[in-house]
Structures are given as C-alpha cells and as structure tokens.
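Chains: A, B, C and D, in written order; residue numbering restarts at 1 for each.
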C-alpha cells in the first residue's frame, strides 16, 4: 500500500507540472500583447511598457516559467491588477466558502445518490424504480444555474420566503445553493449505484452467498453493496471536480463571495493574475482529491494486486 | 451457453451489407426501448424546429416593442415578452439552431481529436501512451467548465470560442474511453488473427479496431451533446458566450434573471428549453447504450 | 529423410513486471525459458502442459505475435526474428494460426466472405476475379455450404466458427499452422468433427501442425510427436507412442496418471501431486519440478537437468530432462509421497 | 443396499426460462434419484440443462427462469413446497453446492475466514470467534497449507485450486447430507483436478454424504460416480450404474459421445463423430430430440418422443430402438453398429 501511495504521488508530479505550465501559458496565449491587454486599450505606450516590466514579459519564456514556479512555491501568485492585493490573499479569503459549498454538496449527492440507487436496484422494474430514475434523469439534465434560479423563485421570493436569496454563512444560506449544486451529482451517483448493483447481483459470488443460505437482504446489503460501491467511489471523485467547476455558476446565482465569483469578476475585469491563480488553486485541489480517491479505491478494491 | 443455429432464410436473395444489417438490428432494439424513442423523437423535433421554426414564427426575434414589455404568457406571446418587448417564444425557436450547432460542432471536434489520441495511445502503447495519457490527465485536472472558462477568458467570449472551449474539455473524456476500448479490442483473438495474416497497422486500426469501438464513441458523443449544451449555456449565462442580442438560451436566461421578482416567465422558459433538449440527448444516449451493448439481449 | 521445417533455438519469452515506486521493471515472468526443438515437414508436433507452462506463449513467440526476448526461430531456412516488419508480414503467408475461442477469433462485423477475402487480399494470393471460386472451394474444404458465405459469425455455432477460422488460415496456402487450443472450447461431439477435419486437411494439403493443447487425449489422437512443458521448460519430448506408453519424466507420468479415463474398470495407479504449480516469476532453482516431484533430491534443487536420451530405455527420438531416468526406471529410487 | 434409502428423488422436474418471444424449456421433465451415500453423475454437453437441474434443486433459479413443475423430494419433503425461509435453512446446511468458477465464486471483498464462518453463523448461530475456530478446522480438513494464515486472506491471494478448496470448505462447513458439485474441476488443470476430486471423494466417505456431480467429462464420471444420468437437450436419455453405462451404453447419444472422445490411454484410428449440433432450445425437434443427429433415426423417432424405460440389465433408456414399437432394423445393435451407421 505504501509503495502504491508513493508511486501515485510520483505520478501526480508530472500532472502538477502540466497544470502549472498550462496556467502559466494562459497569459501568453491571449492573442495580441498581454501587456497591452492588461493595461487596457487606452493605456499609453509608457504604461504598457511599465506593465510589461511588471509582468516580466521581456524575459525568455523559460525564465518566466521558472520565476512563476518559484513564486508558487512561496505561495506568491502575484498581485491583483484591480485591487493591487496579493492574489493569494484574495483567494485565501474566499477559499473556504467555496470549499464548504463543494463539500456539503458532495455529501448531499453521495447520501441521496447512494440511497436512491440502492432502492432503485432492489426494487427493479417497479414504479418506485422508474420514478427514481426519471427524477435522476431530470436532475442530470437541468442546468444548475436555472435550478438555482427556480429555487430562489419559489422558496426565497414571496410568498414562501423560506430561505435568503443570496449570501453565505448560516445554515439557511446554505440550503438552496447546496441543493442546486448537489442535484446533478446525486443523479449521477444514483444511476451509477443502480447499474453497479445490478451488475454485481449477477456475479457468481452472490450465487454462492445464496447457496450458503444467506438472507436476501443480507445478500443485498452485505455481499452486493460492498462490491457495488467500489466503482461508485471513482464517480464521487469525478463529481467533486464537476462540483468545483459548478461553484462558478452557483456562486453567481446566489451571489456568494467564493472563488467562482472571483474568477468571473476577474475575467470581466481582465484581472489575469487572479484568474490564473484561482484556476491553478482549483485544479490543484482537484488533483489532490483525485489522488485521495485513487488511494481509497485501491483500499476498497481487494482484487487489485498491490503491484 | 446454448448454441444457436439460425435457419436458412434467404439463400438466393442477395444479402444486405453488414453495416446495414447491423444498423437494422440496433434500430430494432432502439424501437423497443421507450425512453430512447422519446429521446429520439424529441431530438428530431428540435432539429426540425431549428430548420423550419424560424420561418413559421409570426414575430421577428429582434423586433422591439416597448408598448408590450414583460408581458406574461398570453395567446399572442405564448411565453410572454422580454424587457425589450421581444417575443420570448420566437427567440427560443430562433435559439434552437444555435444550441444544436454549438453542441454538435463542439462534440464533433472533441470526439474526433479524442478518438485519434485514444486509438494511437491504446494501439501503440509504451512511451506514446504514457505521454498522451499524462497530457490528458493534465486537461482533466481542470474541472470541465473551469477549463472552458479559462479558454474563453483567453480567447474572448464568442460563440466560436465557446465551441472550442467545450470541445477541448471533451477531448480527454473521449481519449480515455477510446483508449480503454482499443486496449480491450486489441486483446481479442481476431485482431491477432489478422496480424497473423500479415495485415498492416493501418488496416488493423481502421478495419478491425475502429468499427468495433464505434458503439461507445457514439453513445458518449450523444451523452456529451447534453453536457456540451449545458456547459455552453452556462458560459452564455455568465456573459462569456453568445452575446446579446443573440437569442441563445443561456443568454436569454441571464437577462431574465434580472426580472425574476415580478416576471418569473422570463427565466422559466429558456431554462425549460435547455432542460428538454438536454433530457432528449440523455434519454437517447441511454437508449443507444442499451441497444449497442452486446450484453443486453434484444 | 525428413526435413525440418521449423527450428526453435534457445527461445526465451520474458514478460517484464513493473512495480516499486518508480514503476520500473522489477522482475520477469519467465513464461518460456530457453527451449529448443524442431518440427519436421508434414508432421504434427504437440505441445502439452498445464496452464502457465508457456505452451501458448511459445506458439505466439514463433509467430512473433509477441516479440520473443531472445533466441532463434528458423522457418523454411529463414531466421524469422531477423526479418523487419514488412518482410515478416509477407512471411506470414506461410505460417498461420487457429485460435481457441471460436467466439472471439472472428471479427463480429465481417461476413465470412469479407473474412476470407481479406485474408487473400492481404497476402495477394489470387487476383480479385478468382477469389469467389476459391472462397466457395475453401468453405467446401472445411465442410460448410456456399450459402454460408454472406453470413455473420453470430449466425454460426462454435464448431462452425472454428471451421471458418480454419478456412481463413487455409486461404493463404500456408505451409504450417499453429493450432492454439483450437478444439478446447468445443463440446466433445463437435470437437471430434473438427479434429477429424484437421487430420484430413493435413493429409490432403501436406500441412505441418504445431498443436498446442492441455488435453492429452486430443494430443494422443492427433500428434506424431509430443513435447511436454512445465513452467517454461521442456521436460520431455518423444514420438507419440513412446511418450504415452513409456513416459520417463516424473511430471509426464503424473500428468498421464491424473487424467480420468472413461472406463470404470481401468484400474490404474493415480499419482496425485501435492501443491500448486510455482510462480513463473521466481521459478524453483535446478529442476523446476523438484518442489512437487516425489523423487527429488538435493541435486535436483541445484542442477538444471538437460534434455537427454538413454538408448537402452527410450526410443531414438525420445528425450527427457531428468537426472534420474535410469534410477527411477530400475526401481532404485522410490517415490516419496 | 436398501432400495428405498434415496436421499433425494427428483420427479418430472421442469424449469423454463421465459423470454419475450418464447418459453425456453431448459429442463423438461427430468427424473432421477440419488441413493444415500452414493455419487450420481449428471453428464451432458453445453445446453443440455444439467446445470439448471442442479440450481433447481437448490431453488436458486433466477429471473426470467422458473421451476414450472415436478417434485424434488429431499428426505421425504418436497422442496418445491417449502417457503423461501425454510429453503434458506436447508441451503448450505443440509444441501450444499459448489460451482465451476472458483475464481469468481468467492466474494472479493471478504476474507476467506469471513466467508466460511458465515455458514456457521447462519446455520448454527455461533459467535464470531467460535465460527472462525470452526472455519480453521474446516480449512485444515480441505487440506489448505498454513490454514491460520489463509483465514485472513482475500480470495485473490489464492490460486484456483486453493479457492476451490475454500469453496468446498464453505459447502461442507455444516456437514450437509447432499453436496451438489457443478463442474467443480472444469476450470482447473488436470493435476489440480485430481487433487480436488480425491478430496471430495475422501470427504464424502468421512462425512457420509451423497453427491450429485455435474460434469461434461466422461472420464471424471467413470472415476468418481456410482450412478450416471446422461442428459441431452433438457431430458435424461440414459440412466444406469457406472459399470453398466460404460460397458454397455444403450442410447445412440451415449454411444456417440463415448466414441467421439479422444483418449490418452488407448490408440484410436479415427474418432466417430456425432453429426450436426445440439438443437437450439427455442427450436426443439418434435419427436426424439436426438433424432436429427441419430444415425438410426426412423420416422417414428422424428414424430414421437420416446419415454425413459427400464431395460433388463438395469439401464433406463429413452430410445425407440429398445421398445416394442421400433420400426427400424430389428437386428440393430446400437453400440456395435454406431460406426457403420454414421459412415453410411
């Protein structure tokens, strides 16, 4: 297991490098002169030159990348063009909001998804199964920004006004955004759990359990579910990534001051250091989550040799 | 397993081509699958609407009428009007082709690139495989919409850039699926058999591997249409995709958001349109998967 | 005088195992470990052994379906391993293979016509116009009617598919065919049909077979000579009669005694081996069979036995890789169970 | 041997699978009995219905399959009348089963110890510790080296032969009276097969149980069984004690099967073949199911299904040749004439 963890860490390193290279190149891929663009159309030549110096754009690309990497190591992601504050500080102040949103949404989708999936699989071809699967299909097909808006429309605006329209902090604030963000994930996990259960239930070892005289419920919840959940773990990991991306829209809809909104605002304001920094942080977080998922997958799946 | 023998049916008549035969079989299975049929009919409906819809609608999607601003749904304006007095129903009809166009072209781009990468990676293996798959891992490290956002932020917000952005984040998904299928098919004895006959790599890839991995590619492409449409409308909703006054659904929704308090219809209908079209592709994709999966009995 | 069509010298096939933190090669699966043998023109040589002994790997290595680690494979006077990709592709015309799984060995999307046509097209055996007649002829040869030409694999039974596989191999007029467990997946009644067909074809077309199987009944029926493998090594090679009537290696003896005979009156002494076949990753030192052999001594643990022959005890073509052929035969050494 | 002491009697068992198009009669009126302490071999090729028969006895047929008729009398109770919970008390306790694929028949996420002890915990209500202790004894009994260590292992850490021993340990944990072994050695190499067959045989003597052995291998039958039932296309075509069956097979199918088998212990010039192939279960011939492949078949065979009748020397045969109604060559001797009949 330790060897596997170490090897997996080693495999992650090139990916992290790739991520930093892509993020670094972002600013250079912009058509035209980045200094001109960042400084603005109206900027004078001197201002553009100043911006160029500030960004170090005159150096060789490799030198710039080296500097970029070095800065990252010291948690220095540059300064915001708009506010002049360090990017790391801007991100730091909003990171936990987004993390909470993504975390609770993931919990919600795992919880609802697995329960719905198992019920659906055990009550296969019944009305309940069909209903769950139809709901899941809708959950999967709804744009989360629209779902968010509809939730606001019906639960936050008059007449019900059960929840606040926007903001983050208290439990009441969290309910609607978490539902908004978690629905698609719950739908995907429910579908995955169901098909995984149905596949496992046809395996030879399930027949062995029945031949042993094991009760059908125990066959389902002990022998089948344990195996069926193994592939679901991978989906949960991928879902977390999708959720991280989805926060951009959810935060916009609910006016939550998280990383997602920071990205959007910064794109609109052409504040590239912030965009770069946020994209980098989210990508690295996702890499980390995938790493943890892989390890727990290995831990759960006894069949894989620990080579 | 029971060995099944099929009775001679048509010894004299010229047999249909294998491809046609196969498509017929898939179609037969699809026809039995109700959800797939619903999805398929809906898709067909949207395609027809995108072609002839704009001709049939009584209104001009861009015609502003300030005497009739934010009207609720009524006999003339089925979905009501927007803040410029434009007919929302007309705008949604006109937006259909945009939505389908974005979905189709981005999926086409993404699937072709992903398939090439996946096949090369799976067939040749070793170093090429390692390099290509690590690059795909890097792309996958960016949550889909974030990658698209980053690309749009670089290239600027426009319909064309949204297509490129959505295509790019589809590439690794296709590459991985295709690579996995290629590896599975490559192991089968019939591939060894044609190798043993002296077939070239080119022949093996195009005659024997590609046709046998088309099913997962087609299924994924259909499901990916759904994802692509969602992502593209999301980008437009954020103001980074199609720009007003283009009647793109996400963009309409984005504007409708400002009038939610008093005029909920404005945001409701474009959202519903997205839901239905995405649902159609999901339904059809699910059905295709069942129909193309050799494991399910037909 | 018989001519040797295929000679295999010191063939090794190692598959690397990657592991450790850096995913580098840490060991090898020694699937085939230094084997030498030859096949005469027109004969059937069988390779028998249990799963993991390297019999199929040998077949695949000869055909270069997997590139062998080292050794020499001379076919019809030409060193196959020195050919480049193009030359090898050409050479494959003479050297065909029939696989085990009738359901996996034909492309499910091709009709019989396409399968056979492709074989001829790749090797450019016949001009296009003449191919149709040849296909009909091939189908007839393997016992299928011409009406089957435009059928898909899924329309056939396992036995019929195997016949299509045979027709595909024959389509390029090969000199030699490797039959890799070609009848193992078939039911007994169908298996007999295919075996008889293979024998008839050999007679009619002067084919040479390398017949790979784990079924000693089938092997006795079809072979001229038999080669027994255990854990990547040849333990015994002999003409059929000599091997079945007069096996010399303790492994061959146990293998033969372990097979149930469909005759309740056949009283025979059954030797039941202890334990499993060891891993080919770290095979036992010395004689690879020593961990399970009832006669094993310290010498067997250290010294690798070479294939050898004893004129007094065995036929001319009979060789076994055991240190104690004589002692076991004379009863000087007794088995320790 | 008292004739009445049969551990199990199966009468006219019928199991069908219901597809959208048709009812597939996988087992179509099968009757046999197993004398206590003896081994019955059920032989047949793929699609003969032998595995479905064994699963039917355990009442483990899954959708869309269904037992549609017959009786399975186990110790004078009809298993088909039992409730599901009564059946559960029998499974793994009084009747046990082992399967063909040792690689996939054990649950990959539980240890060997967990999986054996489960049987004790269900049927004997033992504590976890007691059950593990018993499991350890069982592992010793089935001859697994260093059993204490293996108890904590997962299935993937064991070889095929070892896994089949674990399966046997699970099946025999509660000392069942009947063991159903469905192709227990088909996936194993011959030297391992010999080990497993010997193990089953020894344990049968030790525990005094009866065995139903399902196999396609006539050699395995000859070496391990006392009685043999030959199945073809969902029906038993011949039943006899093992000596009689191999010495004087009566049914043309049995004769054909025996003569198409390549043997390693004797020389055979050419293998006799059974022409054609097993009929598709959705498209069964009307009369005798073997008629389309039978070298002796007459119009009678093609039209009417023969019954399974007793012959003087103890065989039961489902073939018109041995009846008064036979309308073919009255001098025919199936065993001796098979070769000449097929070649003509």
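Throughout what follows, a residue touches a chain if its C-beta (ideal position, glycine included) is under 8 Å from a C-beta of that chain, and two chains touch if they have at least 3 such contacts.
This structure is a prediction, so every number in the text was calculated from the model and none was measured.
Looking at subunit B and subunit D, the chains in contact with each of them are A, C. When the interfaces B-C and A-B are ranked by C-beta pairs in contact, the top one is A-B. The centroid of the Cα atoms in subunit B and the matching centroid in subunit C are 49 Å apart.
Note on chain placement: the centre of subunit A and the centre of subunit B lie 22 Å apart, centres being C-alpha means.
Chain centres here are Cα averages; for subunit A and subunit D they lie 54 Å apart. Contact with two or more other chains is made by residues 46, 277-278 of subunit D.
Listed for subunit B are residues 3-5, each touching two or more other chains.
Each of residues 157 in subunit C touches at least two other chains.
Taken in their complex, subunit B has these residues touching subunit C: 3-6, 8, 11, 15, 18-19, 21-22, 188-190, 192-200, 203, 207-208, 211-212.
Of all residues in subunit C, those touching subunit D in their complex are 50-51, 157, 159-160, 187-193, 195-196, 199, 214-222, 244, 254-266, 270, 272-273, 275-277.
Residues 45-46, 145, 159, 161-162, 189-195, 197-198, 216-224, 242-243, 246-247, 256-258, 260-265, 267-268, 270-275, 277-278 of subunit D are the ones touching subunit C in the complex.
Residues of subunit A that touch subunit D in their complex: 203-205, 207-216, 223, 226-227, 230, 300-303, 305. Taken together, the subunit A residues at the contact with subunit B in this complex read 14-15, 18-19, 21-23, 26, 29-31, 137-138, 140-143, 145-146, 149-150, 152-153, 157, 241-246, 248-249, 252-253, 263-264, 267-268, 272, 275, 279, 282-284, 286-287, 290.
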